[in-house]
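Shared between the two complexes below is chain A, which pairs with chain B and chain C, respectively.
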Partner chain A sequence: MAIEDDVLVIGGGLAGASAALGAARGGASVRLVTHKENTLRNASGLIDVLGYHGSDEPIAEPFEAIPDLPDEHPYRKVGVDAVREALALFDEVVGELYEGGHTERNALSPTYGGRIKPTSRYPTSAAAGLASKEGDTLLVGFETVTAFDAPLAAERLDPSVPFEVRGVTIAFPGDLRSDARITRLARALDADELTERGRRVGTREALAERVAEHLGDAERVGFPAVLGDEEHHEVRASLGGELGVPVFEVPMGPPSLPGMRLEDGLYEALDEEGVRVESGNPVVGYTEEGGRITAVSVDRGRREIPYHADQFVLATGGLVGKGIDSSREGVFEPVFGCHVPQPAERYEWFHDEAFDDQPYARFGVAVDGGLRPLDPEGRPEFSNLRAAGAVLGGYDMAREKSGSGVSLSTGLVAGRRASEDIQ
Partner chain B sequence: MTDRVDALVVGGGSTGCGIARDLAMRGLSVTLVEQGNLTHGTTGRMHGLLHSGGRYAVSDKASARECIEENRVLREIAGHCVEMTGGLFVQLEDDPDEYFERKLEGCRECDIPAEVLTAEEAREREPYLTRDVKRAIAVPDGAVDPFRLCVANAADAVEHGARIETHAPVTDVLVEGGEVVGVEVEHESGPGKRVHKEPGTTEEIRAEHVINATGAWAGRVGEMAGVDVEVRPSKGVMVIMNVRQVDTVVNRCRKKGDADIVVPHETTAILGTTDVEVEDPEDYPEERWEVDLMIETLSELVPILAEARTIRSFWGVRPLYEPPGTGTTDPTDITRDFFLLDHEDRDSLPGMTSIVGGKFTTYRMMAEKISDHVCGKLDVSAECRTAEEPLPGSEDFSILRDYMDEFGLRSPIGRRSVQRLGSRADEVLKTMDPNPVVCDCEAVTRAEIRDAIEGAGSDLNAVRIRTRASMGNCQGGFCCHRMASELHPEYDAETVSAAWDELVQERWKGERHALWGEGLSQAALNYQLHGTTMSLDRAPEVAEFAAFDSGAETATGGGKSDGD
Partner chain C sequence: MSDADHTDEFEPVQVFPTTEMDLRPGADDCYKCSTCDSECPVAAVDDDFPGPKFQGPEQWRLKRKDDAEIDDSVMSCSNCMRCDSACPSGVPLSQMHNTARGSYVENGMDKLSREYIRNRILSNYGTLAWFGSKVPRLTNFLMSSSVVQTVNERVMGITSEREFPEFAQQTFREWWEERGGNATSKKRASEAREQTGRGGAEVESDEKRVAYFHGCYSNYNTPEVGKAMVRVFESFGYEVMVPPQKCSGTPMFANGMLPDARRAAETNVAELSAAIEDGADIIASCTSCSLSLRQEYPELFDLDGIEDVSAHTYEALEYLRIHEDLSGALEESEIDSRKFAYHAPCHARNQGLAGQAIELLDGIEGAEAEDVGDSCSGISGTYGWKEEKYDTSMKIGAEMFHHMEDAEPDAGMTECPTCAMQMEHGTGYEIRHPLEVMEEALVD
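This part shows the complex of A and B:
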């Protein structure tokens, strides 16, 4: 049976999900195809909109700063209202998983590297720990979780925040191996039972007991982001109950439980909206007719299947997600061969200091006002292809702290426009 | 400030550390000073080939004989630093037969075991060799970890009473009454182990005899003493692949040329090299063509290299030397032999000897000859014992132990830790504390990191070269912060931050030369983890916390909110 949809979204991260929701709400029939695990499990789970632009002072009011961005920035293509709407859509679909929607201002979140960073939406699990909220803080690390050293993070944070931060390292309860994965710790808290010295106790209670002796005057307690997988609300609530102060998670790198929880939330929303999601197979080619894409081919292992649609959205990610790829000869967009602006000389893709303003960080396709990728002459590559998220060029998500906001807003606009253009 | 030592060695590379060990074992009081880390110069920037001598069997038979002799010695005394991979000299269809025959003859004349393999046999041994192989010569080449070897020499020198000062550049050579009597050094972070943010001091170190073993930097030390030492630094690039495409050392069997060797090294393979004379051993261009040349030329030999993942590149400088007036123009023609410059004989300046030229494989033999010379000057009659006494880590060492159960580590983590540590495994890995993995790519555990910190202070690059942590596929993206954490709380947050930033920058320095394909993707991921998730890219400068969102409860409950 032929596969035929109004809108086909390629890519299953934040931008792809946002595009699929935008198109579906516009009344289109939507299919989303995604290849490998998306990069959400690498991401901290914080939703950054715009944290820095042009100075080391973090931005408190991101929407006010957006009009000052350069013309080629994706936010300038979609406009500030679209960013607002995208965040509203996000707030709606993630529900109680996230906070921050009550204000347009950025919050400051502590990072597991012991810095603070501006962000717009934060997982509910991180809310009690905001650095822009007063409250003496105890950070707790685990001996075997080498990614988060609580005493070091506390010592680095303390001088830059207007409250006290202390850190302590304890042993995670139970007899887990030294190399137990973070997900294993989370599941031990979900299950809430363990045997210790022949006695059966609750994992959460045992953990709270170990923390209690270090609590002192702390008004909140932060842990690495391992506080439960399925049962994270309950785990946090019961630890908070035992300790008598709010408990929070410090967002972490991969594998990121907050990122995985967000992924689950988004896919539920896609399901409710009637989006058909297929994962595990790459898009490897396409057919075109008169400047329009008619179908893409999906490699299902044994054969390539054409997926027809009227409109297409490219949300395959940037260099990390391989939506943008490169060789020694140049940088390219591998699915449709869209043009990627770049210096011809490979040694001009980078600067010599790690945190310089790196040219490679801005690699991606250039688009017109309708988010259609442009060829070297500035004409749309295809009349019915739009791009969203990290596959777009012209911005540096790490430096600006803008990755999620760009993905959500360009995704929403690309999806909406696609549904509007259905012939 | 201190008493006069018998010997002061300038230079903490393989030669300097070898000399310090040799002299200390003979009972002399020895101090060694090094401007950076141990191996900071040429030793830390080579491809880690343990020569069989085959490479020199046509052009330089004396060197070839020394190599095979020392190859045998190092297998005995430094087993935990050496992997006997074997090596091949591969002749392709268009390479001349005549050279192949001369190579084979040369090996036999120099007592280098050599066996001719047919094309089929060669490809059986190394399946990724090109189908254009005509035949090959198998020789006992190997791979050696220059960091581990150098550190083991230094550690043994300390065992025998020597003092080792790293991060202590020489600022002056003291000449009094026409004689070298010592040096002045600047301790960048005070004497002893390096600690970031510690204030520097200077020290005059007086010695009966000064040995200038600074390789490509020998001219600079010579200049401070007022003598000419005309080393000719020559740069060469090394390109590191993320896996071992070959398990034996693969050489192209033809007359000298750029890009003719692949050395398997731990989990990687190293491609080398170029040979370009430079003015300054520290400041020379690191050029794209050199990287591209390695991949393009060596993929004629091993075709999958063209598609394989490159993880970084680095350059080293050879300390080439030829006696004045030889006038060789092409640096590849300059002899790899070493020269001992007795400045008393040569320049009427007693008290100092320079050692220039030479090869890593024969570092011990060079050290022995220089030590003999110094002992002659100081009237010491003790014999050299460095060829018989194993280095720390290689005494009575067997990797057949049941290390996994013993140290509670899983394979391959346990296997790799024990291979790195050799006979020191017990001392390092037997700990009552939990011993989680800190670097996943290279399977390095906390115990090993802490042991390295104990030896190297807050210097994470010194920890890196001792353990290999952060040297794998992710190039530190997932472990720089974990390594930095191990410094705390012994070192305060400010010190840790400085050390951490230095490591992140050092990793990027090599990574940027492999910025395409998987390498660029990894670099972008590291940039995002470091810049976004951890926000390491800038120190926060928050003027007004109240301008930021403090959460929904305070906003709705009035409280501290300014009421948006």
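This part shows the complex of A and C:
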């Protein structure tokens, strides 16, 4: 019984971090175990609560819309106040990294594909670009960052916003390889490297010079989210200073710098709260006694190590994070084998059109009011196991734009309840 | 990963010709998210290095064609293996790099070239150290002479920027023999068990036995780490054995010297298997050694007992944490008040051990530990010793140096001997091994 804690959280994403913070603030000794790098670095960094429900019209007031959600939705399990508290905890933890906490209304953020997305909290780096603020906009793409086609994104945005949007593609300054990673670009801006031979000029100034040629009447300039890593506030400020207009980042797909910055902020908070974090090995099994989990086993190559705790939180993610898995026989939860409700007939898992309301998107464990996973008869699988985040069923994060809010709120509630139940 | 085991069923993969080690399924798992590239410490500072995604799955696909040769950039990979833990899709990147590097050295490298000879010497550090340790004073004198250093750099391509590690006056094995070997350890362990308190109450038999894989560095250069490991384990009632052994192979993998590594592995697997039969688990104090025995051996070689060795190998503190109430024992302990700046070696991260030393030190009265961040130290064993890689190595290490200086510690701390070298080289701080601090806290 060497490795033993009050609460063991399995999973290191938004839900796991929120659960660990909730449990630690409840006075528990907490360990968080996560396999590999978490999926935050694949996330845009936007914190959505509820963007859409039942129609194509974006929701302006997400908290007001929550009571209309179906009973099995995770938000209905935790209640709207818990969602507010989770967002407040998030605001406190990330501090200056994020904005949006001043209002309960959704903001509208442009996406790198040229759409507008309703979101609740947005990185400070994206603040100047919100579509809910007016101002003619220039989007700047880089030849080598192929995921963001600025002219195309501008063309798609222009008709849907009440201001003008133009797009231009330029070469990133300096002598970088043509397939340089976005982290390399960010580092060049962080360090303000001297880039051009024969002329002593830093990356930031050189970039601003190239953009200035295209600036015209634009009142703000957006870039793909590569504007610095550790020094991102400073990079944005100096580019804005050179150009004379505010500069913003358009959130991007993986690997995502806003996601990595968020990860850093959350893990710093976990450290301050005294949460012990272990990364690198998956949890693969458990032992139980009379309906209680006594330990989980962590796979270290060719053997399994027991991690004991009094309470457990399952926050391993959904189909993408591999907290929910599937085979030709069915959809299952791999760590504890918790029941995942699903039609027996495989052809009922999906509808034919890709963008239909897909049943499989809502697959996940069903839980009671205390977030305990339920067996097929509706009884808790284990008395001391709770689930949080994308491993939960009953909601479709992609359609609803509700992923972060569900993770934060169910994580907080699961962590709090776990710390209250310590025997 | 051989497909030969499933001949009764049709598998689409069988349509493709297979090589001896078929990594195709792993290569197919790569969906090009580039997370590995963004985590690679070499790619972060060397614009000419194409990164792990190219070195792993892409190069592996390319080399399946007869006319495609392995790109020489694979020699710029430092084998830190961070890409493994970055990959969300379970692609066996470091295994691909190791096999690609082995094949590049075998087929693409001139065996009379300065680079090949230099790499061979560096990766066979154990042999070099064996000679050197016979006359430690003379070797230390010679290796610190600027004439020898200049010759090393000009002729061999070994950087003169670094201070060659000193050889101890007495190796760990010499100390072990002088102390009375296994018999003495058995006696001390049983004495500790008879005393009430630590370890004593929980032991039913005298089957508490570990085999110490000391590796080259703690044998020749830092025997105090090996001694600390022995004393700490004995104080918990463990009888320590020290089986005959060769280099773990880590520097050989990193230099593509797979036949050398295989020869060493044959000895190690045979000797360690025998120790396992005698009831021992295997303990290493160097995290690269434990990673090698645990992960790289079964990935690269097919030897009798290799899976068993892998399953029984542990890092020293990891073992105590799993089997003993180590944090309980540390709660009652104390050391002279000091602050340590701790760096987790990449190979400790890969085993999920990155937070363990800090967690344990936090429980010792007098000890203060600060993690200096998740950057790579940059030396990566023999990598930072190469004249042409020295600058890259120092650029990678810069972040760690800054964090160490900000922390203003009394000493640095890490498990990896070459990370320790780099920490000292970059900051001037004295560097300790967590086991030495444990010894101070736990052993009278």
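By definition in this document, the second predicted complex is superposed on the first by the 419 of 423 C-alpha atoms of A that agree within 3 Å, B and C clash if a C-alpha of one lies under 4 Å from a C-alpha of the other, contacts with A are read in each partner's own complex, and residues count from 1 in each chain.
FYI, a contact is a pair of C-beta atoms (placed from the backbone, for glycine too) under 8 Å apart; a residue touches a chain by one contact, two chains touch by 3 or more.
Keep in mind it's a predicted model, so treat the numbers as computed, not measured.
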{"item": "First, second, both or neither for A:Asp325, with chain B first and chain C second", "value": "first"}
{"item": "Partner chain(s) touched by A:Glu104 [first = chain B, second = chain C, both, neither]", "value": "first"}
{"item": "Contacts of A:Phe350 with chain B and chain C, given as first, second, both or neither", "value": "first"}
{"item": "Most chain A residues touched (candidates chain B, chain C)", "value": "B"}
{"item": "Touching partner for A:Asn42 - first (chain B), second (chain C), both, neither", "value": "both"}
{"item": "Contacts of A:Ala127 with chain B and chain C, given as first, second, both or neither", "value": "first"}
{"item": "Residues of chain A at both interfaces, chain B in one complex, chain C in the other", "value": "42, 179, 254"}
{"item": "Complex contacts: residues of chain B adjacent to chain A", "value": "288, 292, 295, 408, 410, 413, 433-438, 446, 478, 481-482, 484-485, 488-489, 492-493, 496-497, 504-505, 507-509, 512, 515-517, 520-521, 523-525, 527-545, 547-552, 554-556, 560, 564"}
{"item": "Chain A contact footprint on chain C (complex, rising order)", "value": "33-35, 37-39, 43-44, 47-48, 50-51, 85-88, 294-295, 298, 307, 310-311, 320-327, 349-356, 359"}
{"item": "Touching residues (chain side chain A, partner chain C) in the complex", "value": "1-3, 36-37, 39, 41-42, 175-177, 179-184, 187, 254-255, 276-281, 298, 300-303, 305"}
{"item": "Of all residues in chain A, those that touch chain B in their complex", "value": "42-44, 48, 52, 56-58, 60, 99-100, 102-108, 111-118, 127-128, 130-134, 143-147, 149, 151-152, 155-156, 160-162, 171, 178-179, 251-254, 318-320, 322, 325-328, 345-347, 349-350, 352-355, 358, 360-361, 397-399, 401, 403"}
